[in-house]
Amino acid sequence: MNASVFLADLTWPEAECRIGAGAPVILPLGATEQHGHHMPLNVDVVIPTFISERVARATGALVAPTVPYGNRSQPRSGGGPAFAGTINLSAHTFSLVVRDVIVELHRQKVHRIVVLNGHYENVWPSIEGIELALDAVGRDEGSGLSILRMDHWEFVRPQTIDQIFPNGFPGIELEHASVLETSLMLAIRPNQVDLGRSLHDGPAKFRPYDRFPRPPVEVPPSGVLSMTEGASAEKGEWLLEDCVSRMVEIIKEEFQLGQ
Amino acid sequence: MNASVFLADLTWPEAECRIGAGAPVILPLGATEQHGHHMPLNVDVVIPTFISERVARATGALVAPTVPYGNRSQPRSGGGPAFAGTINLSAHTFSLVVRDVIVELHRQKVHRIVVLNGHYENVWPSIEGIELALDAVGRDEGSGLSILRMDHWEFVRPQTIDQIFPNGFPGIELEHASVLETSLMLAIRPNQVDLGRSLHDGPAKFRPYDRFPRPPVEVPPSGVLSMTEGASAEKGEWLLEDCVSRMVEIIKEEFQLGQ
Amino acid sequence: MNASVFLADLTWPEAECRIGAGAPVILPLGATEQHGHHMPLNVDVVIPTFISERVARATGALVAPTVPYGNRSQPRSGGGPAFAGTINLSAHTFSLVVRDVIVELHRQKVHRIVVLNGHYENVWPSIEGIELALDAVGRDEGSGLSILRMDHWEFVRPQTIDQIFPNGFPGIELEHASVLETSLMLAIRPNQVDLGRSLHDGPAKFRPYDRFPRPPVEVPPSGVLSMTEGASAEKGEWLLEDCVSRMVEIIKEEFQLGQ
Amino acid sequence: MNASVFLADLTWPEAECRIGAGAPVILPLGATEQHGHHMPLNVDVVIPTFISERVARATGALVAPTVPYGNRSQPRSGGGPAFAGTINLSAHTFSLVVRDVIVELHRQKVHRIVVLNGHYENVWPSIEGIELALDAVGRDEGSGLSILRMDHWEFVRPQTIDQIFPNGFPGIELEHASVLETSLMLAIRPNQVDLGRSLHDGPAKFRPYDRFPRPPVEVPPSGVLSMTEGASAEKGEWLLEDCVSRMVEIIKEEFQLGQ
Amino acid sequence: MNASVFLADLTWPEAECRIGAGAPVILPLGATEQHGHHMPLNVDVVIPTFISERVARATGALVAPTVPYGNRSQPRSGGGPAFAGTINLSAHTFSLVVRDVIVELHRQKVHRIVVLNGHYENVWPSIEGIELALDAVGRDEGSGLSILRMDHWEFVRPQTIDQIFPNGFPGIELEHASVLETSLMLAIRPNQVDLGRSLHDGPAKFRPYDRFPRPPVEVPPSGVLSMTEGASAEKGEWLLEDCVSRMVEIIKEEFQLGQ
Amino acid sequence: MNASVFLADLTWPEAECRIGAGAPVILPLGATEQHGHHMPLNVDVVIPTFISERVARATGALVAPTVPYGNRSQPRSGGGPAFAGTINLSAHTFSLVVRDVIVELHRQKVHRIVVLNGHYENVWPSIEGIELALDAVGRDEGSGLSILRMDHWEFVRPQTIDQIFPNGFPGIELEHASVLETSLMLAIRPNQVDLGRSLHDGPAKFRPYDRFPRPPVEVPPSGVLSMTEGASAEKGEWLLEDCVSRMVEIIKEEFQLGQ
């Protein structure tokens, strides 16, 4: 008996069995994007995949393959495209991928879907992808489809933020490759974090607008938008605990999953 | 001599003259979206158009016609599509409109463009539209194009927020149809605000995720996401003053406009 | 009680009330396009918006925000893109805007829609937009949707043409920025017409084909395709009277509106 | 030596030779659309293909394969989709076909292209297709591309119309499957015209607007929008002579072809 | 009584009659592509059109107009775009054409459709076009639609191959412009084949990968991917007999056509 | 010093260093698709990722994140969409993903790209994606871009096939989830193969056409299109050795990589 929560690790009869038994499916959305000198380009893939796995274990859900390319990184939230290794999809392409996967899941009688996002710039095109999927399969009761869209950073409790930032929180927008993401990676994949190289330039002071085609000069050269000091695996576990426990609770309630 | 800053009020020889003299063009992005019981559906058109006009007067810029339909309203930021009168474009359509207008302005030798947005859900597809325009005309120095993208609420100074909310700011996400927008409308179009009908349900307590196809039950029935008490024309003028003065300063600096 | 016929001037409860009572919605389609030395770029926005307003007053309809950018201006019908200030959408983008707005109106239970067009080059992509909307919502009886598409110049009675052009009518294709449009603007917005600058080059003698990428040399330098002499506010009122009265009659009949 | 003017009848070395020698290419645009009880669905393919062939013989041009499916037939100009056998493309698809073929011709160093249209509803999406091709290959002198777009009915001289309609011309819009097209088919493919079955309902009296999704009741049941009486092969030859001679003259002038 | 099997040769009442009687419709998919020094660019149009005609005669089907432009020719299967006269559509455009035609046939109550393909590179975008059509009209029983997709070369019996290639078959991929296609053309249009110019370079030895943007050097300069020796009209008849007889049998069985 | 060949495992400065030194990038294309009762849905992801890794080690290349969703599975080559767990992208979406990633790599000055495909149905839309990328970045020498597209099964030597199938090869089309793929998985991920459950139905006998919307009845219920007997890890190593050694040789030659 295959106990994996990853859909792609199952054979089709195993998938049929789990889907037939009503398993929700979690679709993690990632990105290939710079995360400073101390973390690899896969941070936005690793974190939502790991959270999805934990949530799936607690809810009986399956985890679909993570989309590894995300919507265009922006200078003010992810450093932007000028950093080597950042590989973006356009918003339209990204939303079509989300649409197609949801439509296919629906076709296979998966009616309860969680879109679990790990990259800030995916927020809007993932909403669009869901809307396009609903356009395709219908929005009325008949379609039976119920979709939850979650950005993992929205699930951290204020108390946890206070605990992590006793001197005040710089704000979620600047948390790219900073304390929160570094702590999560230290908890999940410590061997991929090299704190000795955690260069940063202090909290970025972005002007309140975007500039094209050349990004503003305020982008920190390190790619870290805030600070990395104080990151720890323990704090990462606090964050994971917040995310997972609240996501599990919500999914159980929304999808009326039994105990 | 036609002194209007609105491009559409000019004849073509007047437009040619102003563009030839190097006038930047401001493209206001609006929406047709519910704004509670006390304000009309045009709030997100009126505000950015008015700000654009003032900024244009101070910078010698021209104001292109406001795009009156915006990207899909979301329950957590604008009430969502369930309110009567909210008419959305899909993200792809909206970004194509922004792309086409920018490409046309470039074709007409307008090289300095300000995209001035007044609707929260337009943030991302306006970025996409600008990127698509750059794909079309080229990103290198040769294109000569320089684009600034501004969301007006980002230009309010913290001091002003403190002045308006002496008891603490509920946060910008909940400011839909609330004190800030109501104050702005009281300053710009007082006759379209009926404070006597400014029903609200207190600050919305949204769960930290989206639900499709049916929006979450936490959407306030009034459509006002926070409060309306304390809104005044005077506060609206403070807000306008912040936006306009800082935008003018930035545009002059970025576009190297003389005194 | 808000008596405006403009949808965007209503609050959402007012919109709900009017739509719930069966008000048809008129969607005016405009353009930002040169109209000679004597009229501004907004002519194709002003005229259909004004006609829509009058028709709405007489039928109980609502007027949605006018689409201010139109399909590509062509040399033989609007002077083409070479004139400063003409800002075009591509046909695909324009038809997607029309599609999205109609689909949204349908979603909001508006079943009777009038697409009222004021720009010649919008004729075909507005048809396409309507077809795409029908593809999306369904064409059978179940959708309940009934759409009328009207180009205002088709509603002028032959007698009125004879009255305006006692020496013969140059033909509708050449009427760009000429007697008819100038008269309409003199009736609607006289302060935006400067007859003293109404340069024209006589009726354009276009060759019977299109040339790309450079337009034919026959495009009149003034941008006026025929003549402007003889334009008057009085004639504009005749034209408006023709349009409005016949449109009202047709809308009442088609939508079976009572007296 | 292969003397055919049809590109598809050549081998690739023959095509290379002719293109290398500077032959322009004519792209005929057709449709599969009802043409009354007396003519087949192929009228809009047969006529532009035949005219293209004659024009090519006189100018040294090549004729590319005719696009046999056209943009959506409309009730007021072609009877509309309700007639059996009318098979439409959407405007977007049609314009992409035109774009792709032109881009390919340009890639093969064909720089002088004539788009020769035989179906009324193709006018606008063929313009769009050409514009999209120019977007793809560039509009400046460097592309070397020169495109002429011709609708064959625009080339009939007024004298010929007077000769054919001594009692007055009902207008080109109503000439669908009527005297002009019937005469042309009698000249080109008499065996496909059965005048004995040329039912018609007299000149259609269309109301001046479109109705969706159900077409107006005024569509003549025969599919003939005007009359068929008086059609003859001789008149068809007059029409062909007008078209061909003027097109040849223009192509020679525009493309600076020698004698 | 019009006995033609070509839909476009019928009048609309004739089409209505045949469709009403349940005639399936065959949609031939072709291409305009090089076929060596000895055959014209129209081979991939001529062959599927001819086979469709024969199959239609035997099954009571109608033949829709052949799509004359195909999906991008590839170096390893058709010589690729470098040969003069090869005019490709992009895959997306081609699949939209297939989609639109099928959707239109369905709208006209044609429920049994055969897509009969004559160009190797059309295989995949024709599948996509059919899928897109099913997305549009629905996949359930209610749509009533049944579509068969056939590539004519799949219908040749192994015995026939053995008979034609007594020394062994080089494989279908290399059969471009080679013995099979040449034999078919000798049987169908002998006057368009010039065996005296049937240059070839022996069976192409392609490396097992694609190279972009410049095709691999192994493309035979002749455009013939294998050999032409041994082609004959008689062998062409064998091939046609295989295709037609098996297609007829399958269509009768699948569509439950009587005797 | 990070020795990983996987781009996403690098930090951005490491990526910059490797790309700056001229490392080619391999983009593996996978799918989530049924592979019988004995293998998981990830086979088409695992195999090309593993081959890419080995090839990268031998050539100094980097491996971009594998695209985990592939183009629509077809009944005759992959079982089709009816099997649980098969999640398809449409061809257009898939080709846009390939386009976007290549365009981004080019923007980051990666000029030598290998697209390494592991899913049969990806062949054509990956070609299209590459073509669309070339449309975007330009095809001339200036772009500097050189792309190789490889399907791993094309690299198996005939001798190896003979060794594996002493009784004759059923053909590559039927090798879905059969001896070749099973052997490869036994070599790469033996713990994900359960030979005890390797149900198969013997070589599938597909009719030579596709049927829509319901697939043909000949699809083997097991999802295995041929046989699984005889699969072994040793044979998998033979296959890997063929692929890797030949790919390495070609990449070195094509990209002129030194020793």
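Each chain gets a letter, A, B, C, D, E and F, in the order it is written, and its residues are counted from 1.
Criterion: a residue touches a chain if its C-beta (ideal position, glycine included) is under 8 Å from a C-beta of that chain, and two chains touch if they have at least 3 such contacts.
If you're wondering where the values come from, they're calculated on a predicted model, not measured in any experiment.
S.K.: Have a look at where chain E meets chain F and say same if over half of the interface residue numbers show up on both copies, different if under half do.
M.R.: same
S.K.: Taking each chain's centre as the mean of its CA atoms, how far is chain B from chain C in angstrom?
M.R.: 26
S.K.: I'd like the Å distance between the centres of chain B and chain D, where a centre is the mean of that chain's Cα atoms.
M.R.: One centre to the other, that is 47 Å.
S.K.: Distance-wise, how many Å sit between the C-alpha centres of chain A and chain D, to the nearest whole number?
M.R.: 54
S.K.: Would you pick out the residues of chain D that each touch at least 2 other chains?
M.R.: Residues 90, 92 of chain D touch two or more partner chains.
S.K.: Examine which chains touch each other and state the graph shape they make (line, ring, star, complete, other).
M.R.: Topology of touching chains reads as a ring, each chain with two neighbours.
S.K.: Provide the residue numbers of chain A that touch chain B in the complex, in ascending order.
M.R.: Listed in rising order, the residues of chain A that touch chain B are 72, 74, 90-92, 95, 121, 123-125, 127-128, 130-132, 134, 139, 143, 145-151, 154-155, 207-213, 246, 250, 254.
S.K.: What does chain A use to touch chain F in their complex?
M.R.: Contacts found on chain A: 7-13, 15-16, 19-20, 32, 34-42, 45, 64-69, 81, 83-90, 92-93, 96-97, 99-101, 104-105, 107-108, 192, 194, 197, 223.
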